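Letters A, B, C, D and E mark the chains in the order given here, with residues in each chain numbered from 1 onward.
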């Protein structure tokens, strides 16, 4: 779980990152408190600044619904959901 | 090892997450004390709030007994067992 | 490196875990002091309680010498050796 | 996210590392403060000392635009972008 | 980055570990200070006690230059270089 706190710009980058929204995400717990550290995550669901999101890391981050899934991709962290509610 | 403490709702999410129970799990040690941090895990064994569960992370989390295992899946953490007993 | 401190029982679990010894392992350093946290690991070498063991995590944990290596497997941590000596 | 703080030299190394720039990168947060620990990362975008960079770890680090992607590669951390701006 | 501080002996182990030098490596930063924790790593470049080494973890650790790369291998951490110099 995380909260989008910003984005990064990088003109010099791997071609597989071109055209992708690279967001800065602060990991949070279900009380919305910041935990651990910030990650850069490729947004795949249109998440905006301040929204709570679902993050996946590793190979799962490269299995998001891209036009050409078999295409080369260096991403290791993706936003795959916008959290509406934490039920506890 | 973890303990189910809640669930999340996300209307805007990757299509591979549709229909999956996304639980909030607090990692615990074998004394049932909370350790490390909370994770969001896809439930695959019908775990309920308060139950102690077995978590797997990474590619193993995508190898659970799904109808169509070869289908695209972004999950990186799954609940794969409900712990009955900690033997020490 | 870890030390076997117990085992878990889970009647409700992924079918790939049936028949596997699921041990609770406390990670240790080479002075045998506990470090980091406990993991649940599938035993593949007959390790007993109190023994110091070699752990592997991630995909390596699914490459242990199983009867049918290509069979579906959710394990993400395995015991792959019993440590006789720490040479320092 | 990280900041390049140096490089390492290793004459005795795996052949897949020959000819690669192995940089020492201190992980940072979006305030440019050092967090966590240093990593050695293979540079793929011409990053220099002092520059803020985008790191990927795991299999993604081996998918960077190399001449022969199918060639054996042991790298587990790569620099895949030079950060121009942190937008917050 | 790490420093070799010892080795382990394990007579009872996965067959893919037979004949491999299993070294105890203390992770270090570029000031050669110990950080994080010790790992057991399969040596692939002839590293000796006291030497500073380059570690890779995960699948990269199984891609080192072995006689039969396609053979089953449980290793999740390998020494892939001996560091001659830290340039800062």
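Following the convention adopted for this analysis, contacts are C-beta pairs under 8 Å (C-beta built on N, C-alpha and C of every residue); 3 or more make two chains touch, one makes a residue touch a chain.
The chain lineup, named per UniProt: A, B, C, D, E = EutN/CcmL family microcompartment protein.
Quick caveat, the model's predicted, so the values are computed rather than measured.
Taking each chain's centre as the mean of its C-alpha atoms, subunit A lies 20 Å from subunit B. Between the Cα centres of subunit A and subunit E there is a gap of 32 Å. Under the contact definition stated at the top, the residues of subunit B that touch 2 or more other chains are 58-59, 61. Taken as a graph of touching chains, this assembly is arranged as a ring, one closed cycle with exactly two partners per chain.
Traversing the ring of chains that begins at subunit C and proceeds first to subunit E, the chains occur in the order C, E, D, A, B. Those residues of subunit E whose C-beta lies close enough to touch subunit C in the complex are 5-17, 22, 24, 37-38, 40, 58-59, 61-62, 72-76.
Residues 1, 27, 29-30, 35-36, 44-46, 54, 56-61, 63-65, 69, 78, 80-88 of subunit B touch subunit C in their complex.
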